[in-house]
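Next come two complexes, and both contain chain A; in the first it sits with chain B, in the second with chain C.
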Partner chain A sequence: MKAPTLISLGLSAALALSSPLHAAEDPLKVGFVYVSPIGDAGWTYMHDRARKIVDKEFGDRVETTYVESVSEGSDSQRVIRNLSANGHDLIFTTSFGYMNPTLRVARQFPNVRYEHATGYKTAENVGNYQARAYQGRYLAGMAAGAMTETDTIGYVAGFPIPEVLRGINAFTLGVREVNPDASVSVSWINSWHDPAKERESAASLIRQDADVLTMHADSPAVVQAAQDEGVYGIGYNSNMKSYGPDAHLTSVMMHWEPIYQEKIQAVLNDSWEPESIWYGLSEGVVKMAPMHSDIPEAVVERINTHRDALINGDREVFQGPINNQDGEEIVAKGDALKDQQLLEINWYVEGIEGKLPN
Partner chain B sequence: MSMDIIENILFATIRTGTPLLLVALGAMISERSGVLNLGQEGMILVGAVCAFIGAYTTDSLLIGVASGLASGALFSLIFAVIAISLVSSQIATGLALTIFGTGLSAFLGVDYVGLSIDGLDEQPIPLLHSIPLIGKAFFAQDLLVYGAFILFASIYYVMSRTRLGLIIRAVGEAPAVAHSMGYRVILVRYATVMFGGAMAGLGGAYLSLAYTPMWTEGMSAGRGWIALALVVFASWRTERVLIGAWLFAFASILHLVLQGFGYDISPNLLAMLPYLATIIALVMMMQRAGTAQLAPRSLGQPYYPQN
Partner chain C sequence: MRIEARPTPSPTMRYLSPLLALGLTLITGAAIFSALGKAPLASLHAFFIEPVSTVYGLSELFVKVTPLLLCATGLTLCFRAKVWNIGAEGQFVFGALIAGAVSLQLADHQGFWVLPVVIASGVLAGMAWAGIAALLLTRFRAHEILTTIMLNYIAIQLLLWSVHGPLKSPSGYNFPESELFSPQTLLPTLWGQYRVTIAIFIALLMLAVVWTVLNRTLLGYQTRVMGENRQAARFAGFNGNRLIWVLLLFSGGMAGMAGVSEVNGPVGQLTTNLALGYGYTAIIIVFMGRMHPLGVLLASLLLGLTYLGGENAQMTLGLPKSITGVFQGLLLFFLLACDFLISHRIVLTPMRGHRPSNTSTREVTSS
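Showing the complex of A and B:
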């Protein structure tokens, strides 16, 4: 929790210093493009929450607008072009599929800055940003490993893409950190948003003895299922405690506001550069919801120690020795996976049950 | 596999099949009278959000279920007026209803995202629920599942044994003849469309009150389209709708269970299983039925009242 405080302190200092310069000018117009409706407690909800925070913090120096439920592809190109044409100075496009549309529009508007979330391409006036959600997954895995009695943990997942596999692997490493006997069963549902299927999948994992559940999907149905069936559940994106007051161990929360603050400030200061940034616990982009009171004090302390180590850079989530599912050593002791390897990860770590679909 | 696992698979199958069964039965009735309503998805969502709002604000699940039913029926009235009275294209109107319903439900539900209610609980029926293997699946469900059983039986009876069923079928096969015999084609079609709307609303209520007691946008996740496909696969026969819904549900549960047992099958292939199983089973049934005309003859065609 230290880092974000420092950032916001620094930020308010910067604000105080720079405000006279911009006070007389027109506000900076910042646009946001969302892939789904806002009110879903998931991905877009957290982006919009961050938008509101920066909108308030920058006051009348910044004016924000957003367009929600913009499908990826040519529709998004039209929306991004519209925002660019009507005077926006900085546009955040918050879904993977907006990458190429953003780049195409950016070529026509060299004076507008663009920031694309979770992509890998940049241009003169296009930067990108990502969150190291896997760091939070690792800490959540530690909580799960400590609380499981059956040594079986269920993971409901959308699609087998690197972002999801990174989360499952990090989670499993966390589980095995505190409980080497425990294993993680993954249930693929081939959907990002189908609450009924998420729930049925959770029920199916519980029938196979899982007593802690987590998920990489959009709705809180898995946490709700955990509550109803009397097992533990771990949320994702936002704090999902309200869906399972007794079940909710913690949630891995995505807070985008430090990134938005930094980028808007950079444009205001005329120091904006097209970079690729990947922020996590250290920058306060990934946070953990308060831990369940059932988790023993010693475990919480251990989780906090690991969290601090990740923040300070004393350890990495994917530091060796790491074995793959077949027990072969992939990362040697003393090594750690590089960012590029993390972006392309396509294998399971040791401790995950079942085969990785191909 | 142990008995216990089979019992659980059956239990989950019936639960998963219930919303499909409700929606598909409603769609079947309106199609038997000659009206193809592609607005199922929109009606489910409107039913789901209204059921949730009703239950949340009054703290009564009964009112929730009633709101789901009523809102589905009212919402389908829009379709009925445009497609039946104003004789516009049923396909276009139905699609518009789905798009409108998706947006309307999101709009109505904005303040209800993230709230939770105590959903419908299972009500095991004494003695019956302890029958081995099938007891849990059929007699330890919540009230809406029992309601779906009763609705199925009633619809089966009405469609195959009663004069009302004959009238609905006559209107769907030959509206002009039905009209000349003195039946009010327009009125019958209004009634079947609204019945379909109420059933879709009930299917939505099942999702937001029993299955996953919460409201999130787009929570029907395509079930309206699956229900429409089921009606076609079931060749508009009530009993086949039931079998189709359960088969589909069974295959989708199997997909989850097989993964858990570590069978090395691609989940994409498994995800196809429900669709594949439904098609194969129903193709086999249709082959046995011979070459009889399957679809209601006037399906999708507007009826212009003659004097």
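Showing the complex of A and C:
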């Protein structure tokens, strides 16, 4: 593309934003940047599923593009910039490592709007969004706590960052809610997508007596391992029942479409603002897959009661009393962790085996 | 049908083989595009031409090529002497880690000396990492292929530990990232808003140095002799251990420089995702470039282009990312196939009942 075309594209993008008449004729171009291959399950799969839903829903008014498997290093900045120069009006960058590249590109394209997933920085034309997945983790933990016979539950996890620690902590709180004797063992794989390592870690957790497994990684390898070894497994991101029909207790599912609908609509209405949004069960961004038939009726009912309480705001996941791993009380009865504390959480709750790396 | 070695493989064909492989890759690629229901010529255009048809695109090609070329330049010399340094990845990571740590330390210092110190620390770190393998090889005869691969994993774990621990940004919500580096510690970009830095000139300069060393110096001569025949090198009185040290330190330093070019260039901070396989891709580049400096330059441009082309094909044609891997795989496959058929030939032998095979061998070789 030559410089004049670039300028004219930029101009037409600016025109499209400023005049509603023009916007009605030209579709709004929305770009998505994915960190892994779309595949059939997992993080990127759910983002792309949401993309397809909004693409269909907005029809002629919106046109979507995606680029998959974009590494979080210097490549991502080029991809985001190319999408911006290609006349995209709104770009969703769906992995934490895209935060600084997104901000750098955003400075060069003030007329393009950017939405970054799971980060914490915003700018005049950059907002961010994430899901309260920990709410679903809590409910999944209740199912795990009820079903374990060895009182040992295995958790395969990517990196020890707050998002993952929130999930592990919430899950453990759920486990101990129904089974105070049970404990959770965590195995770190230092990757978001490494099916071989995920599987290997699952096998080693089973050798350490775990009879329910879950994970914070992108592939369904852990659920598959649970199926093969005859233990229970809990999926994440998408419904992973098909990967372990007998093993699958439930899945914590991430449905990004409410966020994408809202943000695209805001740009169409010219009411878009750079904000940080954090949606969960109440907004339908976090959902639970149907429960396994092995789970007793009473437990399912209890899980549903807790779910409704979380949705209504009658209770919170991180409400006191909560002890840390050493048994010290961190949250007193009647208190709850604030969003800011949840964003930077870096400690284990009571009931988790092993030491937190660093 | 039999396969036998050609008595005298054509040296011209050996150099033409990469071009032949590229041609075959393009033809197969076109066939794949049309099988996917895309116009083959327009698709090839979108893959190989469009990404570099703007000044920005070209500058991005150089951004991608810089670390690849730096790693490959060092490996060229090593591989010529059949010293198999598979550890450019680890030397890259360790160089990046130390340069990053020094950049963070010097965040509040101004002055012309800051950047040279940062660069030197990365280069020295890469050399030190390769030096471990050199020590293990010369002192304990531990094979460099094994030690350098294992050192790759150790370097990556060190990076993860540092970014999760001592070098983690205090204002970063516990995310495993360092602070952004201060501007004076970053490599200057060449012009405007383009991201290509002066490191590309360092890479080209070092490539010229390697060329001169190989062709015009005693060190280069020793390197080539050692590659041809290690025993002969020893009989000729070359100090093999000294040569191994020099070659490994040089390639380690280059890989360390590649690490600097990445973290103190487009990335601008330490993160957990610095090991993107540049050190491994550089190995492919060196072989594709026939261990010749000019070939290495062309091969790194070509491989760099396949990455950019893959991104562009996704954006403009809606093709999956795997198309990048398909093209890289095809290229390697055809290159190996061409190489093999240049040094070997397939002989069609007519079926002749149950005659012992060695008889027919004699017939063919005598004809």
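The definition used in the following text is that the second predicted complex is superposed on the first by the 333 of 358 C-alpha atoms of A that agree within 3 Å, B and C clash if a C-alpha of one lies under 4 Å from a C-alpha of the other, contacts with A are read in each partner's own complex, and residues count from 1 in each chain.
To be clear about the criterion, contacts are C-beta pairs under 8 Å (C-beta built on N, C-alpha and C of every residue); 3 or more make two chains touch, one makes a residue touch a chain.
Bear in mind the structure is a predicted one, so any value in this text is a computation, not a measurement.
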Item to check | Joint occupancy of chain A by chain B and chain C, clash or fit | outcome: clash
Item to check | Contacts of A:Asn100 with chain B and chain C, given as first, second, both or neither | outcome: second
Checklist entry - Which holds for A:Asn190: it touches chain B only (first), chain C only (second), both, or neither? => result both
Next on the checklist: Tell me the contact category for A:Gly73 with respect to chain B and chain C: first, second, both or neither.
Outcome noted: second
Next on the checklist: For A:Pro357, using the defined touch cut-off, is the partner it touches chain B, chain C, both, or neither? Pick first, second, both or neither.
Outcome noted: both
Checklist entry - A:Pro162 contacts which: chain B (first), chain C (second), both, neither? => result second
Checklist entry - Which partner does A:Pro37 reach: the first (chain B), the second (chain C), both, or neither? => result both
Checklist entry - With the two structures laid over each other on chain A, which partner does A:Gln224 touch: chain B (first), chain C (second), both, or neither? => result first
Next on the checklist: One more residue to check, A:Met254. First (chain B), second (chain C), both or neither?
Outcome noted: neither
Next on the checklist: Once the two complexes are overlaid on A, one stretch of chain B runs into chain C. Is it 1-9, 73-81 or 217-225?
Outcome noted: 73-81
Checklist entry - On chain A, what residues does chain B touch that chain C touches as well? => result 37, 160, 190, 357-358
Checklist outcome for this item: So, in the complex, the side of chain B touching chain A is made of residues 5, 8, 12, 15-16, 19, 106, 109-110, 113-116, 119, 207, 211-214, 216-219, 221-223, 252-253, 256-257, 259-262, 264, 266-268, 271
Item to check | Sites on chain C touched by chain A in the complex | outcome: 53-56, 60, 63-64, 160-161, 164-165, 168, 172-176, 180, 193, 195, 262, 265-269, 271-274, 276, 307-308, 311-312, 314-315, 318, 320-322
Checklist outcome for this item: Touching chain C in the complex, chain A uses residues 1-3, 6, 37-38, 65-75, 77-79, 81-83, 85-86, 96-97, 100, 108, 120, 159-162, 190, 343-346, 357-358
Checklist entry - Residues of chain A touching chain B in their complex? => result 36-37, 39-41, 160, 185-191, 193-201, 203-205, 207-208, 218-221, 224-225, 228, 242-243, 353-355, 357-358
